[in-house]
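Presented sequentially are two complexes of subunit A, the first with subunit B as partner and the second with subunit C.
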Partner chain A sequence: MNFDFIREALPQVLAAVPVTLEMAVLATIAGWILGILMAVARRNKIPVLSQLCAAFVSFIRGVPMVILLYVSYYALPMIIYSATGIDATSVPAIWYAIAALTLDQAAYSSEVFRAALNSVNRGQLEAAWSVGMTTWQAMRRIVFPQALAVALPNLSGLFVGIIKGTSLAYYVGVYEITATANLLATPGLNFIEAYVITTLIYELISFICNRLFRSAEIRLGRFRPKTAA
Partner chain B sequence: MNTFQPIEILRAVPKIFQAFPTTMLILLASLAFSMLIGAVFAMMSLSRNKVLNAVSKGYVSFMRGIPTLILIFLIYLGMPQLLKQVGIDMTGISLTAYIIACLSLSASANMSEMMRSAYLAVDKGQREAALSVGMSPAAAFARIILPQAVGVAIPALGNNMIMLFKETSLAFTIGVLDMLGKARAVSAANYGATKLEIYIAAGIIFWALCFLMEKGTKLAEKAYTKGRKI
Partner chain C sequence: MMVSLKNIRKSFGSQQVLNGVDLEIDVGEVVVILGPSGSGKTTLLRTINFLDPGDEGSVTVGNHTVNCKKHSRPDVLQLRRRTAMVFQNYNLFANKTILENVMEGLVTVKRRPKPVAEEISRKMLTRVGLSERFDYYPSALSGGQQQRAGIARALVLEPDVILFDEPTSALDPELVGEVLQTIKGIAETGITMIVVTHEIAFAKEVASRVIYMQDGVIVEQGSPSEILVHPKDPRTQRFLRRITDPSQDPKHIDMREDSPANEKSVPTSA
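Our next item is the complex of A and B:
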């Protein structure tokens, strides 16, 4: 173990943590919104849209993250170019990585949200209507909070998964934690030191995320149905 | 800018598929080893010994927190360096063996959780009833609990297998010619002119195989649970 290297590299690897978090958080926000919309579309069996969503979910779940990253990295500039004539090759790679991660989160979270929405008894919606709420109000105030409480443990797993997934953005040239560690390790062949640092950082991030989701679960626990499972 | 030529996707499929045996070897070997490792940690977490419980819990949460890519780099690039300092030479080990080791470790956490919850899903009365008719604890496990737990675990096993299958695509990161490695090689051979088409072809192959695995899991579940009360 080369401790001088660790002392030198640690701040630089830590400086890459915001890049990883930026990718994970943006992809999660965009992906979960898409996921909710897809879940609602599939739950209400909207024709065409519902089948498209099902095909999309099956595709994303069957394709490895790396391939998804490559395809979005090479395909999006082409699509943007042919649609608008804008040369998108100068767009930073991180946006293509975020696009790929968003699609991944959308597919997986839509399944989570679908199951969660199904778990809320339909009587809840009907009861909300009967006291004069509109469908939107009923969804927002009655159905969603309960569905979220059910979905949260799975969403926590998805978020930790996306943090781990960002490590693959290295292959489309995003300088996040993994890429930075690799770059620093290569000249002096300090691989073991670099990856021990990286492992600890990822473990710490996962730990903190798990804790945050856990406390959110406890707070949302009051929306859980009181009956025993 | 390159134009998109869909015909190239079809041309790439058979070339990528040449590496199918390598991918399958990695998948099946890591599946077997991850289940073995998972079984050990599942037993530890189910035991009454608090130390073993804690070790198993720590292992599972460690493996769930580390990206597989980092695990691969740690083991493939880091471990030989570390072992060289204590005089062990690891240069003779094949790249495929490294990948199998890494994927087995990373999947073993999920396997352990799967086995643990399947075991706990079997009603406690089953074991008590088996013991009451004079079965030994080992016989009760092998003949009563295990067959029921397997039925419970099949859907999760299918999911874990699909996840593992997708992770085999990381083999290219250390230079194994699995399907994605092959795709990259094919792409490099024409200087990346059709890389998008080739990656789409790889994606379609993975998707098709995942689809088959999903259907296979459903069939297996149906066949296994037929006539059993689970």
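Our next item is the complex of A and C:
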């Protein structure tokens, strides 16, 4: 084990952490918003839209993440060019990676949100209507908070998954944690050392995220029976 | 006239549930609706606040009339803001404390400032005997306590009419009494109430009018003694015989409600 290499490389790999987090956080925010919208469309069985969402989810979940990245990186600029005439090749690769990760998060999270929304019994929605609340008020104040508490353990898994997923952005040339470590390892063939560093960093990020989600889960789930905690 | 239903018809798929129901209810009346399961009594109640909109007919509460065939969203909202409902399964908001449950309508619908809403809600909960439970979540309460909170949530909005949908059917037998006592106390304040129930004794004691429904129509109606003691229609007579002494009728199993509480108490001899 080359400890000198580790000492030198560690700060540089750490410097790439913000790139990883930027991709993960942006893809998560956009993906989960899309996921919620799709879940609502499917739960309310909105014609056409509901079927389109189901097809989208099935399609995205059937494609390996790497392929999704390649399609986003190579095909999206062509599509944009032929549709609008705008040359999108100068857009940094990270945005194509974020687009692919967003689609992935949207598909997987919509299933999580759909199950969570279904877990809130319809009776509460009817009760909200019966006191004169609008559907939006009922969703915002009664249904969504409960659904979120149910969804959180799975969302936590999705978020940690996407952090690891960002490592694939390496293939389209985004210098996040994995790509940076590889780059530093190549001249001296210090691959083992580089992967030890990346492993530790990913583990640490995952650990912190799991903790944050867990405490959010406890806060949002206060209303549940103590035995189910 | 407080509530007026005209020619309400409703079907679920090919199943005709309400076959043209007309009903007029005066201010301060306590109307109890009885009938076997599948008679349409709960559906009738739910057409009043459009949780199940009728296919035909019209609903009037106070001076607000809504046509079932062409109702707009604001129309329905108006109607719902003049009524309140107490549900068989309580349907309390699980993510809110008992106090927040009662405050919810006051704050979001009636736009009362929070401190005002809170004070009114505390008084209402005290009235239904839950002064020790303000900050409990529904999951920490017994069925009877949850249902009394549900009653407080309905009552606090000062609706023109309160709709009770089998309010004691899901309760353990020993908890039925406390809820019926609470409802009786409210009835004495003069608020208009429509109660769908199987509690004959309660109907006798509290109702100003009893309605017997079967097969989506009102079979007969009148004072408690007219309907419960001297029913004229053979269908009412048969129903009362079955419900007061199920063991006398081999078909009693058809009469049960599919609620957990009743399921337990019905012998499974069929």
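Observations
In this text, the second predicted complex is superposed on the first by the 222 of 229 C-alpha atoms of A that agree within 3 Å, B and C clash if a C-alpha of one lies under 4 Å from a C-alpha of the other, contacts with A are read in each partner's own complex, and residues count from 1 in each chain.
Simple rule for what comes next: a contact is a pair of C-beta atoms (placed from the backbone, for glycine too) under 8 Å apart; a residue touches a chain by one contact, two chains touch by 3 or more.
Please read all numbers here as calculations on a predicted model, not as lab measurements.
In the overlay built on the shared chain, the residue A:M133 is in contact with subunit C alone; subunit B does not reach it. Judged by the touch definition given at the top, the superposed model places A:I192 against subunit B, while subunit C stays out of reach. More residues of subunit A lie in touch with B than with the remaining chain of the pair subunit B and subunit C.
Contacts of A:V63 after superposition: subunit B is touched, whereas subunit C is not reached.
Residue contacts after overlaying the shared chain place A:R224 against subunit C, while subunit B stays out of touching range. In the superposition on chain A, A:S119 contacts neither subunit B nor subunit C. With the contact threshold set out at the top, not one residue of subunit A is in contact with subunit B in one structure and with subunit C in the other. Those residues of subunit B lying in contact with subunit A across their complex are 1-2, 4, 61-62, 64-70, 73-74, 77-79, 81-82, 162, 166-167, 169-170, 172-173, 180, 195-196, 199-200, 202-203, 206-211.
Those residues of subunit A whose C-beta lies close enough to touch subunit B in the complex are 58-59, 61-68, 70-71, 74-75, 77-78, 81, 87, 89, 160, 163-165, 167-168, 170-171, 178, 182, 185, 189, 191-192, 194-196, 198-199, 202-203, 205-207.
Contact residues on subunit A toward subunit C in their complex (touch as defined above): 120-121, 123-124, 126-134, 137, 141-142, 145-146, 149, 222-225.
Across the complex, subunit A is touched by residues 49, 51, 77, 80-81, 83-85, 87, 89, 91-97, 104-105, 108-109, 137-140, 150, 153-154, 157, 163 of subunit C.
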